[in-house]
Every structure is written in structure tokens, then in C-alpha cells.
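Heads up, the next two complexes both have chain A, just with different partners, chain B and then chain C.
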Partner chain A sequence: MYAIVVGGGKVGYYLARELIQGNNEVLVIEKDGAKCERIAQDLGDVVLKGDGCEAATMEVAGFGRADMVIAVTGDDEDNLVSCQVAKVKFAVPRTIARINNPKNEAIFRKLGIDTTVSATAAILSQIEQELPEHPLMRLLTFKGGGLEIVEVKVPPASAVVGRRIRDVLLPQQSIIVLLVGQDGTPRVPTSDTTIQAEDEVLAVTPTENEETLRNILTSPPGGSEPGSSDPGYGRPGPAGPYEPYR
Partner chain B sequence: MGCGRVGAALASMLDQDGHDVTVLDTRAEAFRRLPPEFSGKRHVGNGIDQDILARIGVGQADAFVAVTQGDNRNVMATQMAKHLFGVSRALCRIYDPIREEIYRGLGLETISPTLVGARLLKETLDRQPAPAGQES
Partner chain C sequence: MPVDGSQASLDALALSCSLARKTKNTIYAVYVIEVARTMPLDAEMTAEAERGEQVLSRAERIAESLDYEVSGELLQARDIGDAIVDEAVERGVSTIVLGVGHQETLAEFELGETAQYVLKNAPCQVMLLRSAIEE
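Moving on to the complex of A and B:
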């Protein structure tokens, strides 16, 4: 396989090294002369000094016969353009872009980049799992639909403790699919199942309702839950939510 | 987006024509290029950050123009304005003529000052010189 790596910083350097060890043909494109020298010293004649978004450089680098282009500079805009030009002008079959701002994932996909890799998102998710008290953890995001499976730990002070699921006003299209008690026993919920303190709630929710769901399950009474000051507390309003349990 | 000489001049022209103009630049000192009578909004921020674009109201804009010094930044911001925020007219300055051609093919309204400038210079050269004895 012929892989072109755009960007010879730390990520590019180690990536190139791994790819070479995997017996791939590799070329690193890097603007900075000192970085080029270091790569050439350590990895051999696998580096081209130049701009990986410049068509002339790309021509010399042989983008036309590359199987894969991996853009790993520290700038999202450079990675985007490098991959787009590779696709449009050189018909590279597979483009992979490193993104630094995790929010850019969707627009990169929309603009035709095959794969995005976000170190920031990976580190964030790792940290979230390491933290003992994680109010909401994203377990799975479905690429196509904007839906995700999340886990929310119900704090003892939460307004939903002791209430049946049918009485909890969940956001649109959000469903509680499993409750895991403090001792680790999972319970498949029905509308009559009572939520207990320290339960881990697994729910399916649209990404945009994630924050609302977290608030509902973790806020104390009189907190930010809608309608919490209402004596008919928890009763679905006229525009009631989606209720899968009834 | 980009309050350099071109950005500031364009913003000022649009403002004088009575349009509702917002200028975005990563550095506040860039706004010194705007004339004192400029009545539009000034925002400090990075135009390739979709949160910033949302905050300054790109979703409500009729047109978006990217004229920073970086071709790639202009290209990325313009595509975000067009494809994330649905701005109907998204214009983009791209110095590199090859990149300009590629992104024009992808549906952006692009201008390469490199080509435009070179053409203007050539046209001027091709023209008959001014008659002798007259300063041109």
C-alpha cells in the first residue's frame, strides 16, 4: 500500500514509522526543513519538504497513485483541504484526517473525508471513564441518526429517586432501556419500575436532548427540571413527551 | 471573516450601502482598519469554529465572505457557512489558482486575486502606452 502522510510533527512521525514497519510504502510531506531532516535521519528517504495542500507538491509526491492519504497536521483546515484536494483532483480512494476540534467531525464527513480521528475526543472520553463521578457518559453514538446510548448515574439527591419511570418526564424520543442498581444487578424497566438512588440509567436519546436528559435524572427537586415547582409534578403536560412504556 | 485591508474595505462598502454587516477576526487590533463611521458589529473569534459562527449569527446571514490570509481557513469557513449554516451566498478568496479551480468546481463562489491581479497587469501592459510627452 502507498500511504502519504501530510504533516511531519509527532503524530506524523510515529505514524510513518508504524506504517513503514508494516511494510507499506510511505511518504511524509512536511513544510519545516528541520522536521524533514529529523525524519530523514531516523526513517530514511521517506520525506518530501513542501506544502501538502499545494497541487504541485502533491503531483511530485505521487498523490495520483496513493492508496491512502492521512493528514495529521495540527491545523484542521489544512487537514481538510489536503484530503479534499486528494479526493477531488487525485481521486485518492481513502482519506483520513486528524481533527483537533471534535466538533468538526460532522462537517468533515459531510465534505467527503472518509475517516476522521480526533485525539481530543479520545482523550476526553478516556478521562470521563476514569472519573469516579461521571454524571453522563456516552456509550455509543450512532453515526447515521444522531441518536446515542448514554449512561447517567442518579445521585441520591435527584428528584427522580423513588419515582416510577412513567412519572418521569423524559425529553422527546428518549427511552430508558436499562437500570443497573448499586450492587450491579441490571433491571429491564417497565413503566412501573422505580428509579433508585445510585442507579445507573442506560438510555437512548437524540444527541441534542442529552443535556436535558442528564438534568432530569440528576437535578434535585426544585432544580432545573421543568415543572418541578408544579404541585402536579411529573405529570406530562398537554404536549406530552414520547412515552414508550404505556 | 478576516479584517485585513480587503476585509475592512469590503465591510465598509457594504455598511455604506446600508447592509447589516458583521466583521470577524481573530485579533481585536485588526478592527483599527475599519473607518470610524463603520456601524456594523465587530467580533473577535476564529471563523473555522462552528460555535463562533453560530454565535455571530451566520445562520441568519444572506452572504458570507472569507478573506483571511489563509486559503485553507477561507475554504473551510466558507464550506461551513454553506453546508452547516445554509448561507446562500458563500464567497471565498483563494490565492492559489489551482485550489481556486477545485473549490469553484465544488460549488463555492471563489476569487483568486493572484489570477485577477496578473490579468489586470497584463492588460495594462498590452494597452498602447500613453502618447509621448504626457505622464501616464
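Moving on to the complex of A and C:
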């Protein structure tokens, strides 16, 4: 695999080192000459001095044959530009961007970046997991983007407590794949499985339906669960998203 | 002993043969094909490889005319300087002999990137032969 790492800071350096150890072809693009020298000394001829946002540098770096572009500079805008140009101009199959400000995550996704990694958001999620009520946590984004695995804790006051999965109206293409009870016991759900208070719900959902899923699983009765006429939602019962459980 | 077909590199080869005859050292002539990042390192570079073979044959003929033998090697690398230093380390050579032309940019003498890299990074001794300034 040919992986291009944009940014030769600590993250870029260690990432490149691990990828090289995994017998991958790697190129690090870095603006700073001193950093370039350090990387070249430690890792060999795997560094290109230049701006990873410039099309000319991208051309020389061989973005056109890259299997993956990973932008890990300390600047969200640079990471966005590198990944977006890689995707649009060079049709790189997979782009991964480091995000420093979690608020930028939505725009990265809208602009087609396959995967985003935010250290800030990761630390926040670890802290939030300890809190009695924590929002939805994104655990994994599938290759190609679009679908992700999320975790939602069901509060005792949620409208879905005591209801069978088949009776809960989930967003389209959203599937509950695992429930973990308060005592830590995992349950593989069927359409007849009842959701209980404090359950950790692991679900696969399209990125755009993430917020709706969270609302459905956490809102109190009379909250924001949508009606079946909403085009973004599946229908319960045999034709609904839980058909595979039967 | 890197050779690129230039007169400077072939002059340096001739010098190496003269010097090595006294010490009976082995001479390795190396031609490096620089592969752009737009292609994989092991890409088939037929035209460049042919040119490299021609340059190495020429180097061997020059050595023979001086009653010496060189062993030629064709390499593919991302960077010529890096490849020369790596090859020198791998073969444990005692000296790299480089031939450079007289280059001027904006009336300033300039040593090429490859020569600078080798001078800076080669662990062995490096001899540099600069061609005479052309009138």
C-alpha cells in the first residue's frame, strides 16, 4: 500500500514509522526543512519537503497512485484541503484527516473526507462515558465513510425504555447490533429484545442519521421520535429495519 | 564510483582507475535511475535502463583502456545521492569518487544537490573531481 502522510510532526513521524514497519510504501510531506532532515535520518528517503496543500507538490508526491492520504498537520484547514484535493482531483480511495477542533468534524464529513480523527473528541468521549448522561459516542467509521458504529446510553427517562426493538422507529439503515446491560452483560438483540434503562446501545447508522438516532434513544416520552411519514425513517414491523432479526 | 554519462563522471572514473591500480582496490561503477514518486520504485523504466547500461558499458571500456576492471551496477532509487550513500555503506567502500561539472547559476558557482548530499552524508572519504571550466 502506498500511503502519503501530510505533516511530519510527532503524529506524522510515528505514523510513518509504524506504516514502514508494516512494509508499506510511505511518503511524508513536510514544510519544515529541519523536520524533514530528522525524518530522513531516522526513517530514510521517505520525506518530501513541500506544502501538502499545493497541487504541484501533490503531483510530485504521486497522489495519483496513492492508496491512502492521511493529513495530520496541526492545522485543520490544511488537513481539509489536502484530503479534499486528494479525493476530488486525484481520486485517492481513502482519506483520513486529523481534526484539532471537534467543531470542524461536521464540515469535514460534508466535504467527503472518509475518516476524521479528533484527539480532543476522543478524550472528551472518555470523560463523558464516566458521566451519568453522556451523548452519542462515535466508535468507528466504516471504510468509504457514510456508515458508522455509535454507542448511546439509554437514560431511565427515555421513551424507548421497556419497548421491544421492533416497536422503536429507528432512522433508515440504522441497526442496533448489541446491547450492554447495566451489569455489563452483552445481549445480541432480536426484534423482540426489550430495551432497558441504562442499556448501552451499539448501533450502525448512516452519519447523517446519527443525531436522530441519539434523540430517539434518549428523548423522554413525547420527545422527538418522528412519525412514520418522515421519509428519513424506517417502519417498524416486518418491512422495517429489524427484518433480519426474525 | 557514480557515473551518469557526463564527461566529469567519466573523467573521475579514469582517475579512480589510475589510483586503484596502485592499491589494487575494486571499483564499482554505479548508475542510478531516479524514479519519480508518481511511479512505484520497482517500475519498469526501459529507456532509462537502456541508457544506464550504455553508460556502464562505456565506463567498462574506459577502465579496460586503462588496463583495469570495474564492476557495473544499475540501481533504481527515489534520490540519487541517497542511493549512492546507501550503496557505499552496503558495499563497505573506502572512497566515493564524484565527478562534477562547473555549474554557475546567476554567476554563482553551484555544487549540485547530489554532490552536496554525498559530501554531507557519506560515512567514507569522498573525492571530488571538478571538470575544467570550459572557455
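Here, the second predicted complex is superposed on the first by the 126 of 246 C-alpha atoms of A that agree within 3 Å, B and C clash if a C-alpha of one lies under 4 Å from a C-alpha of the other, contacts with A are read in each partner's own complex, and residues count from 1 in each chain.
One rule holds in what follows: a contact is a pair of C-beta atoms (placed from the backbone, for glycine too) under 8 Å apart; a residue touches a chain by one contact, two chains touch by 3 or more.
Please read these numbers as outputs of a predicted model, since none were measured by experiment.
When chain B and chain C are set side by side, the one touching more residues of chain A is B. Looking at the shared chain after the overlay, A:C83 reaches neither chain B nor chain C.
When the shared chain is aligned, chain C comes close enough to touch A:R65, but chain B does not.
Within the superposed three-chain model, A:A3 lies out of touch with both chain B and chain C [touch as defined at top].
In the overlay built on the shared chain, the residue A:A55 is in contact with chain B alone; chain C does not reach it.
With both structures placed on the common chain, the touch criterion links A:L27 to chain C but leaves chain B unconnected.
In the superposition on chain A, A:I107 contacts chain B only, with no contact to chain C.
Within the superposed three-chain model, A:D45 lies in touch with chain C and out of touch with chain B [touch as defined at top].
The contact surfaces that chain B and chain C form on chain A in the two complexes do not overlap at any residue.
Those residues of chain B that touch chain A in the shared complex are 48-51, 70-73, 75-76, 79-80, 83-84, 96, 98-99, 102, 105-106. Across the complex, chain A meets chain B through its residues 53-56, 75-78, 80-81, 84-85, 88-89, 101, 103-104, 106-107, 110-111. By the touch criterion given at the top, residues 36-41, 77-79, 82 of chain C touch chain A in their complex. Across the complex, chain C is touched by residues 2, 25, 27, 44-45, 48, 59-62, 64-65 of chain A.
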